[in-house]
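Labels run A, B, C and D following the written order; every chain starts at residue 1.
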């Protein structure tokens, strides 16, 4: 177990028979992920890439009691229910890829999961990948990652692929890469993810890929100031040229009510000694300094 | 700390200005309980037995940050809110004396408390008393108790006073006496209370005072059968002559849908080697054997 | 509070549960008109809040409106399992393909709501659970998360449905759940829940029990209960108004205690020494003299009670208040039968002083008092 | 989706929030009639979904119906802060004793609902929070436990009320909370919430923002939004329909990316190399060729855009699909302006092959591509 995932990760895929679910189940299996079952109500008995499909998580777990994680590809209207179902069945890590889930729904199922001792990554996220044990719960392109000592946490999917690609090209591998997702309220938030990496023996340095909206980066900076994060941190913030009051693609990427602009986040990091890259590829140069 | 309460218990009283709240605050103080504040909305600034009264738990705690327990005397319609308020403010032990709270309300606030890491004793209960450190959070007559090695858990208030009185008269003191209350769904249930006593270094033997209704006694017996309770246990079950289908005073004391009669409970205990007293005073005789 | 079938069905229908067509009738004429309106044959069902009506003659088929008149005339004013029949429910007679069981209740062990479902219905759930336990699905609903779609799907699958009939079962379950929550129910049960030959899914019978402590939130039901306490006796209803719990038993020794457990223990003691308790009477926590006065008066005036045993251990209850209540009752009614008292706890000395002044027998130990009262009742 | 003041007030009123009397008017005549009906003086308020209307002339007092006519005639069809005024709200003019602030929103940090309350109102909450932070009460509501009485009491006390006025504030807060939940709101705000001289507590202004992802649950609002996208430009609304996120900026280099972060980073890169992005255009995760085709076409047809930079890193998105979308757009529109592409990720070889066949400039590194597009746009 690196952070949240590891060699003992056994995953189920909720919504496995949908287009995205089927496609990415194939990619996850290719990468090496141990997927033990799929779930789609009404499709029990089918198979996807040789993985048995069940009507419910409960049935999947009764045949595969070692399952301990779930990846959710269920459409937005039904995704919250899928999370409750997974948590209720005792799954401890639920990765929600689905976009466009109403924030109120997310707030409720994230709270429920927390109260039940489960972690939600996402929604609207690329997932989590650990190149060492070759576990990928999500939709990132596996070939851009390599094992190594740097933990990456990102609010953006593609930007994290991009930066991992630059890192790998320059010989800097990743312990784990967590895409927390672009929604205003992520299950696992930036600070919680950074704290996990801080406590992870396999992680020597941390890359934070932030963007406009909210104050998650400022809260990480505050935690660093308090000495709660001691490992070297390098950051990148997207959206320096974004105008206020406009949602920039992600539901959470909006400068509103006077908070969330990139300048404030850059300043917060720089004030606590965290170097902030001005382009994605510059992250690697800054990393080479701290490693 | 014996079980749930101890020398570091600092209590607030919610509903302190009501008739029962005021009366029992006096009795608790006399017994030795450290009550640091009272709460009654709209009565902030008053004093009861020299204890300052606040409008809210939040205000009480900001002046008395060491408060870690609450005793609730608030009328049934407002008692659930008082529990949420206490839990929300960070109180870890909430003793709800109030009777006649709708079961659905109890189910919800008990779940909320559990999710927030707090324990609820009650509702409709006499509370908890630890004669050693002289902490009484509740309404039991303090003079019938004495320090000693026996933990008592009871679904009935007066019956627990009666049995404690017999014990004390015969020189057998109590580590702690927990009245879990007579409602169908108690916050802390019989089994949970027994498990706390099992884990308590100051408790050498356990007395269970059960009654008709539900299957809490059967579940304790099952736990004993599984070896989860190793200390000597003595039981008494009230209601051997109660007819089915009738609520016997307590909302929870009803034989219904084929479960909850005394014979089943007595049999369950005897099957796992727990002696069951046929009269309250016989409990003491059985205790003298096992101690 | 137990609801009549027609009350439970009316509530469930208001939450979207499909129902058989039916009419309530309080007279044979109304039953005949209902049968004519609904189209014969019809089923006539006595409205009593007790299980097992069918076997006791409380459910009858009527082929014509005239037969409906005769059946209703027979039932109305009569008794089913000891309970008066004031109303009958006249329902269309449906051809049943399959009977199932569905209920929602509070589960003590899990401290949550629980849905019980079985593809077998029409008999008590205890019987199903005993004889075919693998046919009973138990689905716990987290009280904060609420009923979720996956749980609904689980129940529907368990009952063996999909497609249109699955959606009907879903409507039944969701309606039952909403009724359960909004009416603070201890139990909402449809048994049998039937699949009809025409494809409809409807409850043939429905039961609801409302939490007495929540009745204040449902003024209509509270009013209905006050006007008609159903299976509660007049004595029990009167006692509740005064503020104590009272249950009639078939013996001859009146028992008064404070606290449910102690009162039950007192009954058990009487029984253990060869006596038979006439009642359970718990004056409750913190009872004042007025309540005690009413309680003692009730037993003094009950002809069946030959002797009274008052067993008090004071916590909230102040024993001097108890003694004063006894004093007041004796002053008013006199002392037509022996009274034995055992008093312990708060203000014990004062309580004993008052009772001693009345010349009442007092004991330190409940066992002694019990033995004595059994002897007195036998004389 | 931002609601107009009159929409927000109508929703809040339906949840029991007391309101000033008011009428919506789309013509000067309607405004005059409204003023006559309400009794003068009245306040005429331009309905635009932007803050700071007052200072921009969007809120005017009218002493008589005739003046109401003139004020409305002036406002209607005009603009306030760049937004067209199609309707005005005519409200009774009230004597205000005190202005407060009250809102409910989603808090990212605590992952819960949060109530913000301040006895100071009428200015932006950011300003209050900055200048008098100790005047702002933050009350977090557990999303599973819901709003509890003690929290309501805390807010009412914080605003300085008790008794009858306290109960009015309670009605306002409970109504706002219900509207917040039932309408899936990101924000429900009453600012100022006023205590009037006559003792009423009413919102003078009200704002609601609905979660776009939940609009499908509110068909009326969805319809209203489709008919009138408010502060969203026509271009942005059209883009949304096709399935990508589009925000207009004031530069001349068209930017297309996949994923919000990468697209923003692409804009930032263009800016870092001296260019000015004309837009943010995120084709989203897993976009198919149709979406890419529409996106490229949009920028090809936008006269202001001098050059286009497409920056794709494929995860869900298959880069061959992107290339085919580009191909389709170019086939249809031609190539009126330079296009620079940087393609990485899933099915990269196939994507590159297609674009190479079109003779499009491709780069391995986004920095190089950005430098190149800035140069091309400057030519």
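Basically, a contact is a pair of C-beta atoms (placed from the backbone, for glycine too) under 8 Å apart; a residue touches a chain by one contact, two chains touch by 3 or more.
Worth saying up front: this structure is predicted, and the values here are computed from it rather than measured.
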Looking only at C-beta pairs in contact, point me to the busier pair out of A-C and A-D.
-> A-D
Hey, which chain ends up farthest from chain A, C-alpha centres compared?
-> C
Distance between the centres, which are taken as Cα means, of chain D and chain B, whole angstrom = 53
Between chain A and chain B, what's the gap in Å when you average each chain's C-alpha atoms?
-> 45
Averaged-CA centre spacing for the pair chain D and chain A, given as whole angstrom = 27
Shared interface positions of chain A, touching two or more other chains | 108, 112, 115
Of all residues in chain C, which are in touch with two or more distinct other chains?
-> 142, 144-145
Residues on chain B engaged by chain D in the complex (per definition of touch) | 41-42, 55-58, 78, 81-82, 84-85, 88, 108, 112, 115
Complex interface listing, chain C residues touching chain D = 144-145
Would you pull the chain D residues touching chain B in the complex into a rising list?
-> 142, 144-145, 148-150, 153-154, 157, 162
What residues on chain A touch chain D, complex-wise?
-> 20, 24, 76-77, 99-105, 107-108, 110-112, 115, 126, 139-141, 144, 154-162, 165, 182, 184-185, 189, 209, 211-212, 214-216, 219, 236, 238-243, 246-253, 257-259, 278-281
Inside the complex, what are the residues of chain C that reach chain B?
-> 106, 108-109, 111-113, 124-126, 130, 142-144, 181, 184, 186, 211-214, 216-217, 245, 247, 249, 257-265, 267-272, 277, 280, 282, 284-286, 313-317, 344-346, 365-367
